[in-house]
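In what comes next, chain A is part of two complexes: it sits with chain B in the first one and with chain C in the second one.
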Partner chain A sequence: MNDFAHRLPDATREALAELLLAIADDEFVIGFWDSEWTGIAPMLEEDVATSSISQDEIGHARALYELLAELTGQDADEIAFGRRPEAYRHAALMNHPRTDWAFTVARRYLYETADAVRLEALARSSHEPLAQLAAKMRREERYHLMHLDTWLRRLAGSDAARERLAAALRMLWADALAVFSPVPDEELLVRGGELPEPMATLRSRWLEQVSPVLAGLGLPGPTSDDLTVAADDGRTRRTDAFRWLHGEFTMVAASERGATW
Partner chain B sequence: MVAAADPRQAVVWAALDEVPDPEIPAISVVELGVIGGFAFEPTARGGERLTVDLLPTFVGCPAIDVMRDQVGERLRGLELADEVEVRISFAVPWTSDRISPEGREKLRASGFAPPALMAVGAPSVPETDLLTMAVVATCPYCGSRNTTLENPFGPTLCRAIYHCADCRQPFEQFKAV
Partner chain C sequence: MIHSGNVRAPDEELAMHYAREFYGRRQESHRLWVVARDAITELDDPDLLNPPFDRSFKRPGGYLIKHKLEAAKARANAPAGTEGSE
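The block that comes next holds the complex of A and B.
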């Protein structure tokens, strides 16, 4: 444990660990899902772009797992690769397989815009290592936002693609809102400034930003059902699709436990 | 920080300036601006430790471990301190404006357009400006500004791909970040 970890009360440290795990797992799992497009994206340039974005996300996850490891005294690799699927804490948005390109664009647009709102807040965190990392990540994520905004507008420009985007968004909205599911004992983090604003506030800010953009492109926002669905299990529900992905990304680590590379 | 009078400071900087970037070996880690600083500190056992802060260009840069090993190896070879520690740090975010003027020229000579200067430290730079900045790339081969961004993502996390309409040559830019 480092100096920052020692200064925190136990309950706050545990809540902060839950927050870091949730964000790290979001980045890790979406990075692995979209890395599946390497070699088969719709065009060569997109092969490069989606691989690069996925590499960024997995790199962000690694840095976050390392922050978590400093906080709890665990090993970062063990956190990343040593858990059962049920112990991952990514939002339900990342439970879905990559499906088709429109689905991937819809999911990533929802995720990147939500992540941008979250990172803006975390860059103001009282937990200094997290604030520093979030500030650095924001500079890179701007390229992701720009890229996904371009793809969203491009696909929305043709009827067939827009219909696929709309269908994907309708399927994903409720699970996307789970990005802002409250983490356990969140009020401790808000009081201490580790999480400068409650997730519910960030969720409202995100919806205010993305809803008009989607409406302007003729794409659906969340239904009242999506908005009222109980989100208690938004970060604990796991699917067979994720269990399959987990088998893929833990395959090498599981073949020789404790190996270093 | 080391006092300005400490002659070891210049020795360390000179040694670091001999450590190449693993992906673009024409430029050193000092020219790339990834050295956040270093200090000689007493250890618990009465010795001295040289601690170096390394600032990753991109958080997920896979070359960072190689850089850390090479910096550590070079500095241990100097035998200026009992221990050498190289830490990955985000205390100061690396930005492409940290690349030195010499580094920018060496990038250009190796066929990479240097990144547009971002006047960083200004958190007020709007997101949309990134697109404007990304478009400004001078062809490293013929000096033309008549270039187009082909892909903001390239063969490594830190590079974008351009095309020069005058000499009809594809080239890469070190990304502004």
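The block that comes next holds the complex of A and C.
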């Protein structure tokens, strides 16, 4: 545990650990899903771009797991690879398989825009190591956002692709909102400034930014059902698709527990 | 300005993204210029680029300076007052 961790009351430290785990798992799991495009993306250049962006996300996850490890005295690799699927805390948005290119673009667009709102807030965190990491991540996420924005507008420009995008968005909205599901004991973090604003506030800000963009492209926003779906289990629900991915990304680590590389 | 390579992209925006991935993602670039193929003025006339005469003298390797260099070293190492005695 480092100095920052020692200064926090136990309950706040536990809540902060839950927050870090949630964000790290989001980045980790979306990084692995989209790395599934390596070799089969729509064109060679996009293959490299998608693979590179996925690698960036896993890099962010690594930095977040290390921050969490400092806070709790655990081992970062053990957190990343040593848990059962049920112990992961990514948003339900990351429960879905890769599916087709339009689906990947739709999911990534929702995630990148939500992540941008979240990182903007976290860059103001009273937990200095988190504020610094969020500021650093934002510099890399800028390009991810640009790239996904380009693809979204591109696909929305043709009828067949727009229809696929729209179908993916309709399927994903409720689960995308889970990116802003409150973390356990969130009020402690808001009081201490570790999380400068409640997730509900960030969620509204995100919807205000994203809804008009999608509407302008003829793409659907969330329905009232999507908006009222219970968010309590937004980060604890797991699917067979995720259990399959978990088997893939833990395969090497599981072959020799505690091995060093 | 150094030619880094080519990317294939449907428009300028994606061309810039892909240029960044191919020639900038390892922090090897400070700036990138992306130009569409049809905006390139090409020179491929062999009479202008590969004329038939010996042009080895236009290249540093075209000069044999080994002996001149040895003579210069010998002069430099010679005792004072003996320069120009050859």
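Keep this in mind: the second predicted complex is superposed on the first by the 261 of 261 C-alpha atoms of A that agree within 3 Å, B and C clash if a C-alpha of one lies under 4 Å from a C-alpha of the other, contacts with A are read in each partner's own complex, and residues count from 1 in each chain.
As a working rule, a contact is a pair of C-beta atoms (placed from the backbone, for glycine too) under 8 Å apart; a residue touches a chain by one contact, two chains touch by 3 or more.
All values reported here derive from a predicted model rather than from experimental measurement.
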When chain B and chain C are modelled together on chain A, clash or fit: clash
First, second, both or neither for A:253, with chain B first and chain C second: neither
First (chain B), second (chain C), both or neither touched by A:167: neither
First, second, both or neither for A:143, with chain B first and chain C second: both
Contacts of A:217 with chain B and chain C, given as first, second, both or neither: neither
Chain A: partner with more touched residues, chain B or chain C: B
Chain B versus chain C as contact partner of A:121, first or second or both or neither: neither
Contacts on chain A seen with chain B and repeated with chain C across the two complexes: 45, 48-49, 52, 143, 146-147
In the complex with chain A, residue positions of chain B that touch it: 56, 58-62, 90-91, 93-95, 127, 130-131, 150-155, 157, 161, 175, 177
In the complex, chain A residues that touch chain C: 43-46, 48-49, 52, 143, 146-147, 150, 154
Residue ranges of chain C touching chain A (in the complex, touch as defined): 7-10, 13-14, 17-18, 20-22, 25
Touching residues (chain side chain A, partner chain B) in the complex: 45, 48-49, 51-53, 55-60, 62-63, 129, 132-133, 135-137, 139-140, 142-143, 145-147
